[in-house]
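Below, each structure is written out as structure tokens.
Two complexes are shown next, each including chain A; its partner changes from chain B in the first to chain C in the second.
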Partner chain A sequence: MGALAIKNVTKSFGDTHILKGIDIEIESGQFLILVGPSGCGKSTLMNIIAGLESPTTGEVHIGGRVVNNVAPKDRDIAMVFQSYALYPTMNVRQNIAFGMETRGVPKKEQDEIIARVAKMLQMDHLLDRKPSQLSGGQRQRVAMGRALARDPILFLFDEPLSNLDAKLRVEMRTEIKQLHHRLKTTIVYVTHDQIEAMTLGDKIAVMKDGVIQQFGSPQEIYDQPANLFVASFIGSPSMNFIPCHLAEQDGQLGVSLQSEGEARFIALPQAAKLTGSVGKKVILGIRPEQFDVVGEQGLACKVHLTEPTGPDTMVLTQLNGIEVCARLHPREAKGPGDTVRLQPDVSKAVLFDAESEARLA
Partner chain B sequence: MPKFWRGALYAALLVAALYYLLPLYVMVVTSLKTMDQIRAGNLLSLPTSISFEAWGKAWSSACTGVDCGGLQPFFWNSVRMVIPAVLISTTLGALNGYVLSKWRFRGSELTFALILFGVFIPFQVVLLPMAQTLGWFGIANSIAGLVTVHVIYGLASTTLFFRNYYVSIPDELIKAARLDGAGFWRIFLRIIIPMSTPIIMVVLIWQFTQIWNDFLFGVVFSAGDSKPITVGLNNLANTSTSVKEYNVDMSAALIAALPTILVYVFAGKYFVRGLTAGAVKG
Partner chain C sequence: MSNPTQSAHYGFAERWLPRLVLAPSFLLTILFVYGFIAWNGYLSFTSSRLLPNFEWAGLVQYQALFESERWWVAVKNLFIFGGLFIGGAMAVGIFLAILLDQKIRGEGALRTIYLYPMALSFIVTGTAWKWMLNPGLGLEKLMHDWGFANFTFDWLVNPDTSIYTVVIAAMWQSSGFVMALFLAGLRGIDDSIIKAAQIDGASLPRIYWKIILPALRPVFFSTLMILCHIAIKSFDLVMALTGGGPGFASDVPATFMYAMAFTRGQTGLGAASATMMLMTVAAIVVPYLYSELRGNRNA
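Then we have the complex of A and B:
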């Protein structure tokens, strides 16, 4: 039985359509990521799952029951907010206890739960402090503790890490993942950060303009993006999009890449089914790490700029008149003005229709 | 010459401060003089001996019209008017502000705009319709009537204060509380009110000052034994006797002003803190 199912959910305010028919279903224990740029409707969808907003049409199922008309408190869910939303006048203990108090959990049981949660998140020493006396990371921890105390069948995380500094964000990310491994509770996690989406998710729903662009595992989304938007949104640095025309040479379909006045035909075995479309304008998508430095057979590319990151060096050059980024081993990267001979690993390259932006191959 | 300008600035401020403090000085010294001293000295001279006789008279035996019981009954009238009026208008303002900022409904912005309109309605405009209404309710010329008038008139400002303060409280807090199972009242009483100390202080001081110092509503909507202190003071000062007792008049004015001065002295810091609390998010 699915832990969470969203069936054809729409949300409109008058003529403004925030969500245009969302369908998602995940299994119990899965970690679902809703990712997309701001304004894509992911937070609205989260609020609908939580019951803080109601859908215009469609159904939300949690743990196998339709919850459209169930109040947030009765949906057996717990939520962690971006701003943490800790009650500022209560100390940590009272913050965690507030929900249990409302639900009428006996005082003794409350104390046991608080002790257990505090131990799990290593925040025993913070229990008597006010939220204003805590650091960002500690507040985040308390917010998670408050959710854990609820022991729900579904956790909702609404951009929980976006107010933290970079280092802490990575630490908390790992911690959330460990927590999920330990608790095995279903989690829905909203983020605009594609790295969080990739590292945490069992399933990712990439959203844009109120529509799910692609729903799949992180690797599927990364390797077989459904369209140009998904391909550009997931992965950093972004996938390179090189405009070309589909061509045929020696009975093979492929595209031509030009650099420094030199053109080279690149055969694309995965494009074989597109025989009818020779001459069509397409966009070749190649991720930065899919370039190799090779000998004479490579395409001579002039390096415009290098961005060393430590393990890799990003080399910026041009292909077909478009800026292209190649992620190279620092040993192979040359300096600006030098020439590197690059060969794309075409087995993982993808082709998009230049007009519809959907993936062709 | 920044030093020169700084000096000039302080001089100007000093003059302004003196200008404002001089009347208070005159009132205080005059109230402590006897009539003989007043006749002998000038307006600014210090009393040769301090006498609280005028204060005593103003409080309990000065004549206001035909009654000669001092300001005392008027003072207690004002107390009996101001306490319920301040508490009720503050409570309702907090509730209004909470609803208009955190439980928006269709038309809530319009409702707020209309309530806001009340801040700009001059007292004089509502006098006649209000008198009629109080008559219909059967509370004309009573303290209950005055309380009602002040509550209704104060609602616009108290709502404005609370609404603007609550707008800066993140909505996620309300969402979190709803997920925790709290409803309208529990969120209000357990989450919102404990966060409201600064703005409650502001509104209490504001309302107290407004209502205590009000003269117009007091003089129009009260009669006989329900008159507030501002009306009493007016009657006391305007009652013509053979001699004009300046010291008694000044004492009476100070008695009438004392509660608001004390409120500022003891709660003034909250006032400044609360007024800026909404603007600068801490």
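Then we have the complex of A and C:
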């Protein structure tokens, strides 16, 4: 039995439907990411898992039992909040001990647990400070320590890194991942940051408008996005979406790309099953890194703008009248106004239906 | 037009205009507040009776004051009234604020209802409660009319209990205000702290008692300051409700001062009691201001 199963959960306030039938199941020890833009219902789902809100319909199973009518404290969970939610008048030690005191853990055991957690998170020297005397990263650490002290079957992280500065965020991200490897606990992690989602997750649920758009491993979601939204949300810079018509040439299906008045037919082997829809309006999705600079056989593209990032240079150009970004090696990127000859790597390209926005191939 | 003259002009106005505009109110405050405090202080060292007399008489008025039974009744009443009123208004106000903080419907309307007594003057409060507590007119008569012939509630006319009726009326008036202050404080508490405590397994009373109320310490102290000064200077409520009576059983220092200075022709004694009140207020306010100002400088 999985560590967490969410079965057809909905949540409505009057006529406002926040969650519209969520189904998720993860195994013990997995790291689940709920990712989506703000207002997609991910935090509501998190609160339902924690028991802070109750679902309108559906069931939540934690560790194999239905917990719909179980109070948060009896669900054997621990939660880390975006604002850290440390108790402001208590020092770090009291913050960590509060939950254990409430549960009636003997004083001696409390001290052992605090010592162990403080050692694990390297915050022994902070134990007697008040939250107001700590930096953002230290507060984050204490909040995690408070959760670890509980040793629950399920950890919930609600955008824990959003209030940290960029450098610290990357450090803490690594630390959370290491912690997960070491402790092998089950974690549910809410974020709106697709990089956090990709780097941390074993499983990612991409949400929008109260619906799970796609649920799968990070690589699945990156390579085979279920629809236009998932494709645009995951990956930075975002995937290029080039409107075109499905065509047939020499018995192969493909699309035609135009640049600088020159048109070129690009055969798409993966579109073979779409024989019946020749002429249909489709959207070709190509990630920026799937462009290669080649010789004469490439499509001549005029560079509008370059954005060097160090390891790569983003080159902005136009295909089919749409702005397209290509991630090139700095040596191959030219300056604005120059022409580069680009060849898309079609093996990883995806096709979306222009109407339904679902992936066709 | 030449620019240097214009800017010199402007500099002059900038420097002097604020001072000029503030000067009248500054002078009036100096004269009518601090001037009269000083004058009152001087009068308390004279033997003034009905009219002021400026001959230095040393501490005779203070000696008379400390030997006066009525003064000590007033001081005792101030402690009873102050303690019960501050404690009671604080407890009721915090309790109401916590209830209103539970995201209930119609909170806006309820908040206004509870805050409204603060909009009344103490005179109105005192008069209304005098009618309600009057045995021949209010609650007791109502109960008698309903057939509870043995019901008695005569606190207002009983010398041992009349001060408690002042406590009731003052609490009724100020609890809503305390509630509003604490409600604002409660709203400033991060929601996720409460969620975290819930997951930690704390019950709602424990969350409030151990986490939220300790975090409201600054609100607690501001409220205490405001209620303290209402208690010490309370005069109009006592005048309207009991008039200090029966006899002088519910006198407080303010009514004592008024009686001595303006109705019994004991101006010097009244001045001495007023000075004692000023000292009491100063003893509370000065350390508070000191700590506040020092805190600001550090921030």
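Assume the second predicted complex is superposed on the first by the 361 of 361 C-alpha atoms of A that agree within 3 Å, B and C clash if a C-alpha of one lies under 4 Å from a C-alpha of the other, contacts with A are read in each partner's own complex, and residues count from 1 in each chain.
Everything below uses one rule, namely that a residue touches a chain if its C-beta (ideal position, glycine included) is under 8 Å from a C-beta of that chain, and two chains touch if they have at least 3 such contacts.
Model, not experiment: these values are computed from the prediction.
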Chain C versus chain B on the shared chain A, clash or fit after superposition: clash
Looking at A:T102, would you say it contacts chain B, chain C, both, or neither? Reply first, second, both or neither. both
Output check: A:K73 vs chain B and chain C. Expected answer is one of first, second, both, neither. What do you get? both
Give one of first, second, both or neither to describe whether A:Y87 is in contact with chain B, with chain C, with both, or with none. both
Considering only touches as defined above, state whether A:F265 meets chain B (first), chain C (second), both or neither. neither
First (chain B), second (chain C), both or neither: which does A:A50 touch? both
State which residues of chain A lie in both footprints, the one left by chain B and the one left by chain C. 47, 50, 52, 72-73, 77-79, 81-83, 85-90, 98-99, 102-103, 146
Provide the residue numbers of chain A that touch chain C in the complex, in ascending order. 47, 50-52, 72-74, 77-79, 81-83, 85-90, 98-99, 102-103, 146, 158
Using the touch definition up top, name the residues of chain C that touch chain A in the complex. 190, 192-193, 195-202, 206, 210-211, 214-215, 217
Okay, in this complex, where on chain B does chain A touch? 170, 172-173, 175-182, 186, 190-191, 194-195
Considering only the defined contacts, which chain A positions touch chain B in the complex? 47, 50, 52, 72-73, 77-79, 81-83, 85-90, 98-99, 102-103, 146
